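Each structure below is given as structure tokens.
There are two complexes below, and they share chain A, which is joined by chain B in the first and by chain C in the second.
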Partner chain A sequence: MSDGRVRALVERFGRACRHLRETSARTGRIARWEVRRSAGTVDRKTVIALVVMLLAVGTAGFSAADDGLGLEREIYVVGVDEGSRYYDVAADSEQFRPVPLADVIAEHDGATDGDDIVVRGDATVDVVVTRDGRIGHVGENGAAAYDEFRTAIETYNANLMADEEDHAAAYPVHVTLEYRDRDRPGSTVSGGDDGDETEAQTGAVDGSNETGDGESAADDGGGDEPLQVPAIGGGGSTPSTGTPGSIAPPFPFTSLVLAFLFVVPMNFVIQAYGSTIMDERVKRRGELLLVSPASRSEIVAGKTLPYLLGLVGVVVAIALAIKGGPVAIAAALPIALLFLAAAFVGAMFARSFKELTFVTVTISVALTTYTFVPAIFTDVTSIALISPLTLVVMDLQNEPIQLGEYLFSTGPFYLSAAVCFLLGLGVYREEDMFAQKPIPAKVLDAIANRVRGPWSLPLLSILFLPFVFASQLLSVALLFAVPQSVAIPLVVLVAASVEEIAKSIHVYAGVTRSRFDATLRTAVVMGALSGGGFFVGEKLTHVVQFVGLPDLAVGTAAFGPAVSSEPLVLGAVFLAPLALHVGTAICSAVGASRGRAGYALGLLTAVLVHVAYNLGVFVLVA
Partner chain B sequence: MRSLRSEKTILLALAIQLFIAAFSSFLVVGLVSLYDPGSIDGDRTEIAVTGNDTDTILAVANEQAGVTPRRYDDPERAHDAFDLREVSAVVEANRHDDGRLSVRVTAPEGDLQTSVLVVHLRETLTAVERIERQRNADAGRLEQSPLPLPSSIQASSYVGFTYTILLPLLCFLPVFISGSIAVDSLIEERQRGTLELLRVAPLSLADVIDAKLQAIAVLAPLQALVWLLLLAGNGTTIAAPIALVALVAALSLLVVTAGIGIALWAPDRRQAQLLYSTATVGALVAATVLPEHPANTVAKLAIGNPTATTWGLLVGYCLLAVGAFAALRRVIGRLEPDSL
Partner chain C sequence: MAILEVTDLRKVYGGFTAVEGSSFEIERGEVFGVVGPNGAGKTTTLKMLAGLIEPTAGTAAVAGHTPGDAEMQRQLGFLPEESPLYEEMTAIGYLEFFADLYDVPGDVARERIHDSLDRLDLEHRDRRIGNMSKGMQRKVAIARALVNDPDVLIFDEPASGLDPLTTNYIIEFTRELSDEGKTIVFSAHNLFHVESICDRIVIMNDGRIVARGTLEEIRAAHGGTEYHVYATADGSDGLPDGHGPIEVTRENGQVRHLVADMSAVEAVREAVEADGGRVTDIQTQTPSLEEIFLDVASEPTAEGES
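Let's look at the complex of A and B:
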């Protein structure tokens, strides 16, 4: 008896193993085909053209590297006589083009009235240096030009001082800047922050000639200053030192630029990846693979694998090159996955190459923004953690990263990538791949494909949460700099709309694709299930609170206030969202069962109710 | 022409560009406000000033916006006040025997306030350095006296960015996207084999390609015009809008012609797009060898300070575009339609 069961178990295990082996074998074969075909289609003339182009660009870029791009070259005009002391300032500065004073100033100026500078009507000039050394500005951009001229004078002075023999006289002020954590009195902060600071500073000192930036243009001789000056105080950290102009706010500039390197190759890889997926759909080429014994997921896995491996290789290579640790690689990986997943869905939905181009550009821009912008604020606020790139920046600054932080910032990426692949797989079938369907219909197809029975509704609600989460975080991050009076209503509106769509889109898809009856009773049940699922999922995302996001007023607007400790309040806080989610979901589900216009109406009502609720809670708490 | 009837694609293109513009503006506002506290309305923060020579710092800091100095005789007390959060930073200034002023600044660990504070302190200390330098120069210790700095005024920090980055971006993006559409549009017809169908129509291959090229090339200057109008509506003066649109039109014709050429030459889309994007990005880099980078030309035309070189380059681009177009027509005229 038990013997038979064991045998059955062994047999099943063996079958599973065999299945796995076959699956991986088929996946591997498709991957090999993909590589061979891609390598095969790059013909010799393309390679030659590319090499020639790269050589030409390389030479040009190399020869121009000294001057920079020259984007700001001579955008302002300054009227100054060659005899003036300020003439050299204008001549040395990149942004200014000096013109003789006589060309721009009306005759008999200065002598008669002391204050006004009268400019000739036909002259274009932004800044005027009169013969008696006064500096004035003209026209709309004059003020900005004047400000730049001031900076240029500072640069000029800095260069003058660099030539001086007497360092002590030329650099009379020496500044030491140190940061201290006030919560732990007496302990100066050491570690990554300062390390980066010093690094950035050395860069500024070395590069003062190239950058020509007035503020950071410190001194060539001043680089060795810290040796001459006796050390004051005995702080345990390595504070940054230098001239007043060289101190800078804590800003991980170098690490940020390096972290950006991880994202750059992904933008190129998804171009090729999108093309190859799209190629399958042109002229029904993919049909041959579809009728082969390989399953849809095996085909997609096989076609994705080479690109994923390629990206992993690139990421590892970059990490090695810029001395990033394993954490940097682990943080860059989900970004790569999401790039590929989004490109896959895009290529499945696009109807032509043109659309694919737009889709890939959108993906590039959106994901690059989403990862890069928050990372700018790495040192400022914990909101930055919504981007895995922040982890890379932190890793490059040798800051420790907790597992919780890693999960918080990469979790949405992993989940979103998984959901994207799932949705794309849903339409990886004959009737969607080779048909010219409108995109919304395809989206509904993709979602409806995942709707199997009523219990898939709450599951889908939960699965959509990463997107909800990501778009809400993005709106918080984007509106971070906007005044709160504008930002909070906007965030509330965006959050409510996104949540309502996430709760109802699969219900609508299910109804229109006849997965469910369009009766009132079913609609109520579907709405309740979907809303309930969303509620459960949302409770899971309260992981957010561990990172302390609700400290920010804007964060509260998106995610609801932090849970209070009183039992009664706790109960209300716990149950009120449940009622809200179920209620609004039913509202839009009932709308969805009445067709397209009904769905729009139901959704609108749901969003309005949600906004009212959120604002009510917000006012109540705040 | 037919392929552009779906105006949704163009709307999408506009949306993407708007997004990019918003993104870059956001980036700059964020960065500028990190570095330029004048753009954030910060209230004045109190700082403790201590040490054996504080007169200059106190005098300068009193004039300075954003900080209020408070004198502490005892450095210990100043640091205690810092720990008790009575002051935001401690500035300890000591005069050395060689006449140097050594300043030790203690600031709280990183948050946004600290960044603002550090920038304020930098301004204060730079002003102190200027005064000290002038004193040294008057005492004859310096060979060259530093130039006196004119008083600072309130000026927008975004002017330079708008003209040198945002505007060129808005002018070149439509051009780049137009070229990309051109590549896609032609290569798709080739790959799907629909070019054959068109040849049944009473049109020559040159007519078909011409129509595609013109329809796509016109898009970019139109979009650029929209951006210019939007910017003008936002209060940015564009000095030479006609010249700018002409420049974009010329570049668009040039890039679209190149795109069509690549699409005729390359075997499939992946390679065509690869070649096209490499060529465009490469051209932008290679353009640095010109006396003026195209982005610089845009900036100068927009801000109203064009030179003879600027105008010369504009004419050059126009001639080049027309020349490339003529060359492409000749090539197409000789091309066997069956070879595609």
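Let's look at the complex of A and C:
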């Protein structure tokens, strides 16, 4: 390499470093002033209210995770003597408060000759246990209290059995539970060394396999495989024994509630963040920042940084408080990032603070649902991995997390956040940010601002893939429990619709915002480029193979069946989607070139073709 | 040497052309007025110069830098028509923020801010901007435009909506800035202000420049000075070709000859005296910028004129 070239490289590197330094400095200044300015808008009362609210949420969260909500504590009163064998039932149950029998019934000795129990007029009691062991109920709540008392008796008995050292006496029939992933094929081997191995019964929801009818084997060390029985309500997987009635799906309540604590502050922070972005737009206040030496991206980064750092701080603090590890923090960060990105783009599209409220509430509900609902199934199915919160739950349960699982869970969040910021940044300019347009028009403006020449179309198709991926994953998660006969057609329809919109919306935006001529030839070229780009990008979704989602029927409906190993089939399966995506994208593009109604018609046709294709492939290959 | 060069500037919003083919140059230290009716394209032009709006076509450069270039933004001070301020900040805090953003060292910034506010006679500097009067807020906005000590100032309607006292104060302050050598691009609806402080002017209508030059040049091109010659006799018949009066009327027993230049005045005098009469009075009448503006703005814009 010549000296001149080296010098040029060094100069270029120096310029890049200088630019980076200046950019960082300006971003930092805007961030610093954003903090100072925002602090000026919050009065002392609001600060106190916020602190009180955060403390309340934190306390409620921790206590709920620790003890449950306690809403049903001592809601019923039981009249029972201490000598009764039912006294301990009432005393052990949180729902019941025992009171002496003499305090509630009219007879002096508590025994009645007839069938009726006579309760004193001034006594407050729901259930009465007579001295001869009969149980009755009184008052409006009596029937419900009676049912609960029966349940409490069963629980008490089960606990007694569990505490019994001689398990053979306590449990004449030994049941071994092993919770396994629902999608993993194979049967479970019974735990008893002399028990009969029976056919596995796969639960519809709980994912458990119940097998075996062997004898009690408290001292025999179990069966051929290690026992894995998640602790009910505890979130762990500590082996335990119990009655068949105690079998329930694993529900990591504690970890789930603690993981939810990460999401709670995000809902509040985006309100403040959305307001500060909106604040720049009302009365054109952001105009003067735009004429400063700071670039648009520096302004947005500067305004976002304090909120992002604030959320990072909160996430780290929560992780420390609940003894979460670095994985919990790394999993919560992309959620925070997407919350901010969605709030940013929402604030850029909203026309007023009223509209912004609607937008942020929608974001809160949608993202909280997306993150929280799948995490409920952490111990049940791989679907749960679509939410990074599942990683938090897993981390809190000390379960190992693979890199592939982390990327699968968080990838769509990182990419969606990046695309949201990109779209919002596109309209962060004088011509768009102060214009009063409906949200759909703003969305089209934002997309159209990224349409710069024909080659931007395939790129945008790829950029929209995270949304496609997230939408399809969400549809799989939401329809997971629905009967497959209903779920599969719905998932196929949703998947096709989302993909067709992702392939055509930027073409439509480009045409309506005069980025292209609305000729048939141009439409065909645009459609082909967009469809081709989408095909390339779609291959990225094969990451789902790593986590076994296509093994599920609804997963197959959304992402397609696993590819055959036959070369001919492999080739056909590879090329057929290309033809599909290009063909349907051209269909939508031609419609888009004919205006709004034409686009709707073209899109509908494309969706129908796509649905027919998916169902065909599903029937033929799967 | 021109500090600001604008070449074939064009801005189209959807199907609407806001500015069409504007070209002009502004010399260093000049006060350049941009006038025109509402919707003429003045504000769009100024925003394109400030780098706020990207032109559809054409270029604008400040000292060789194009809009959007950080270096150009440092040399520019922009005062928009409204005062979009952060109302929850104090005047000092707000100005310090922008000084920081323009890389002005802290001590220099403080001195400059207080100097500007002293000159603008702004009191209660630690008061929140939201609690200030509109005039005070405007002064803060002007001080903000000066915080980076720019070479070029773009003032869009600097005295819009203010009381006459504050308006005069701001116009005088603008004049002082011009005297200090600042180049100022100035837009206002009050043409008296434009007339009083601008060295050169462009008049815009329907997105096009329809008149340009110094006030005298514009007057000459769009109805210059008129002369009223009062005489005891009618001298219009004796005028040579090309000096004919624009108008001849009788007022209070005298004949009023309205002519366009001094040579016509002389010709009228000679003709009246030849007829045995005499000239009793000569009055000149210069059209105001407002009259020219109304005249020009009411004319349909010629396609291609710029």
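Worth pointing out:
Please note the rule applied: the second predicted complex is superposed on the first by the 416 of 622 C-alpha atoms of A that agree within 3 Å, B and C clash if a C-alpha of one lies under 4 Å from a C-alpha of the other, contacts with A are read in each partner's own complex, and residues count from 1 in each chain.
Everything that follows uses one rule, which is that a contact is a pair of C-beta atoms (placed from the backbone, for glycine too) under 8 Å apart; a residue touches a chain by one contact, two chains touch by 3 or more.
Everything quoted here is computed from the prediction, not taken from an experiment.
When the two structures are aligned on the shared chain, A:R36 is found in touch with chain C, with no touch to chain B. Contacts of A:S292 after superposition on the shared chain: chain C is touched, whereas chain B is not. By the touch criterion defined above, A:K283 reaches both chain B and chain C.
In the overlay built on the shared chain, the residue A:S514 is in contact with chain C alone; chain B does not reach it.
Here chain B and chain C are compared by how many residues of chain A each touches, and B touches more.
Judged by the touch definition given at the top, the superposed model places A:L620 against neither chain B nor chain C. In the superposition on chain A, A:R97 makes contact with chain B only, not with chain C. In the superposition on chain A, A:A597 contacts neither chain B nor chain C.
In the superposed model, A:L403 makes contact with neither chain B nor chain C. Residue overlap on chain A between its contacts with chain B in one complex and with chain C in the other: 41, 283. Residues 13-14, 47, 50-54, 70-71, 73-74, 76, 78, 80, 82, 84-86, 88-89, 93, 97-98, 100-103, 128, 144 of chain C touch chain A in their complex. Taken in their complex, chain A has these residues touching chain C: 22, 26, 29-30, 33, 36-37, 40-41, 283-295, 429-431, 514.
On the chain B side of its complex with chain A, the touching residues are 3, 9, 12-13, 16, 19-20, 23, 26-27, 29-31, 33-35, 82-83, 85, 92, 94, 96, 98-112, 114-116, 118-119, 121-122, 125-126, 128-130, 132-133, 135-136, 141-144, 146-150, 152-157, 159-160, 163-165, 168, 177, 180-181, 184-185, 187-188, 191-193, 237, 265-271, 273-275, 277-279, 281-282, 285-286, 288-289, 292-293, 295-296, 299-300, 303-305, 307. Contact residues on chain A toward chain B in their complex (touch as defined above): 38, 41-43, 45-46, 49-50, 53-54, 56-57, 60-61, 63-64, 67, 69-77, 85-86, 89, 95, 97, 124, 126, 133, 135, 137, 139-141, 143-144, 146-150, 153-154, 156-157, 160-161, 163-166, 168-182, 185-186, 189, 193, 215, 229-230, 232-233, 239, 243-245, 247-251, 271-272, 275-276, 278-279, 282-283, 352-358, 361-362, 365-366, 369, 373, 376-377, 379-381, 478, 481.
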